[in-house]
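Each chain carries a letter (A, B, C and D) given by its place in the written order, and its residues are counted from 1.
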Amino acid sequence: MNPSHRTSIRVLYGDTDKMGFAYYGNYMRWFEIGRSQLFRSWGFSYKSIEEKGVFLPVSEAFCKYVTPVKYDDQLIVETRFDPSVKAGIKFDYRIFSMEKEVLCASGYTLHACMNPEGRVIRPPRFLSQLLREHTGSPSDKKEGS
Amino acid sequence: MNPSHRTSIRVLYGDTDKMGFAYYGNYMRWFEIGRSQLFRSWGFSYKSIEEKGVFLPVSEAFCKYVTPVKYDDQLIVETRFDPSVKAGIKFDYRIFSMEKEVLCASGYTLHACMNPEGRVIRPPRFLSQLLREHTGSPSDKKEGS
Amino acid sequence: MNPSHRTSIRVLYGDTDKMGFAYYGNYMRWFEIGRSQLFRSWGFSYKSIEEKGVFLPVSEAFCKYVTPVKYDDQLIVETRFDPSVKAGIKFDYRIFSMEKEVLCASGYTLHACMNPEGRVIRPPRFLSQLLREHTGSPSDKKEGS
Amino acid sequence: MNPSHRTSIRVLYGDTDKMGFAYYGNYMRWFEIGRSQLFRSWGFSYKSIEEKGVFLPVSEAFCKYVTPVKYDDQLIVETRFDPSVKAGIKFDYRIFSMEKEVLCASGYTLHACMNPEGRVIRPPRFLSQLLREHTGSPSDKKEGS
């Protein structure tokens, strides 16, 4: 089983728009919080990955907005690495309302691996090992990504 | 033929992140500029639609980041209404670099129709007529846009 | 003594700009987090104040940027209500780096009191009482704000 | 006389908050647009200044919010270099509503001069000359403006 990580955030006034809900673009920041906390839970900050000369720019992002979220709502961002995707590094997200326990949004981001010169590269060994270690499925061990 | 609308934007310092490119979440603002200018080119601001009691919250958003954009780049946001989607109102976007004429990003947003009480409704007549007039379904053929 | 409240935040990738530091406008979000957590520590969310029909729009904001903050830095936002200002409600902020214990920024926001119709009003009783109760100085008792 | 530069912007949905007005932090982006267009009107983009190895991080920012601005409002950002301040580079801003011709906000930003290593430096010659040339010449020699 591929474990997920949960982190909580609170909707700021600056996140909302005149409709009274959070602006759709701001969910991308929450996805960022989700994946950075997932990395951190693995004992590896995303910052430390960049310090090794590896950047993970977003190559695709998707979000389905299911239930609007409002100012001051406390949300759970659930993040999971998706080991089934080989062309890039993919994270899946689900955002829940903490109080009402309803699904507010779901989505994913796909990331390329880039060197400091801006060239797309294959994930270096330390990174593919890190991803493999933390996805938990036995079959992952055989996947020489 | 379904005509597109083109509007130009310039990448702010505040749009960039430490990688030196525009942060992925900020493209959603550019998509918003694209569709609001498309509405305006139809002689109808999105604001005036809300004033008639119709809101168009985003129900899905997708973006594929093809070529990174940098600070001060001048970009073209090309927006097109997609009449083939019936469950919601869909806009397609392509973002080009003005100087290099390369595709920087493409994506879409899907919108629900909502009344002031927050209930999802069918697009009211004035709106579906507006969309039909400006797209290219049968009656559009006479409109040599 | 007028007690302050401390809350911690982490600098997101989306907060940074191409200079590698946090964009100056984003500090305003951190100030918002500071004052909303101060309210919460008083047993009163800002949301609940709005639910009583009182809005506190920002009428002035100031920030002095002392030491740049970087991606993934953990910051302390220290917020204090300033009872000395009578024309409006003023909060003072200081932002510290958690690791280096240096002052990164300081500033304030001044807020008007507004009713749901958008008219500036005097702070209603429950609010002036709340502010008085939580500033702690004996002299506050005499200040019939 | 010290000439000002005027540029126009339109308030996005993403700029607004649940109060229905533009979020106070977003004005800082408009100030950025103002000063970057002022530089451009001088025949020098801020980008080209950075390309010469000179960075102008914000060291202070202030904004007074006079009249709330709403979604889709068209605003004029009026920017002026303030030659009277010698410790840093200061720009003054005034934001007007285009339709109602009322003052919506005023403020300033103060900038340090920084080299690529992050050290504060004195403005290099090309920059102080540029600033001097564009502020009202004759009287500037006496720096009385």
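Just so we're on the same page, a contact is a pair of C-beta atoms (placed from the backbone, for glycine too) under 8 Å apart; a residue touches a chain by one contact, two chains touch by 3 or more.
In this text the structure is predicted, and so the values were computed from the model without any measurement.
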Every chain in contact with both chain A and chain B is listed here as C, D
By mean C-alpha position, what chain is farthest away from chain A? D
Per the centroid of Cα atoms for each chain, what is the distance between chain B and chain D, given in Å? 29
When the C-alpha atoms of chain B and chain C are each averaged to a single point, how far apart are the two points in Å? 36
Give the residues of chain D that touch two or more other chains, as numbers and ranges in rising order. 13-14, 19, 23, 25, 28-29, 32, 71
In the complex, go through chain D and note every residue touching chain C. 19, 21, 23-29, 32, 55, 57-65, 68, 109, 118
For the complex, give me every residue of chain D touching chain A. 13-14, 16-20, 23, 25, 70-71
Note which residues of chain C are touching chain A in the complex, please. 12-14, 28-29, 32-33, 36, 45-47, 71-72
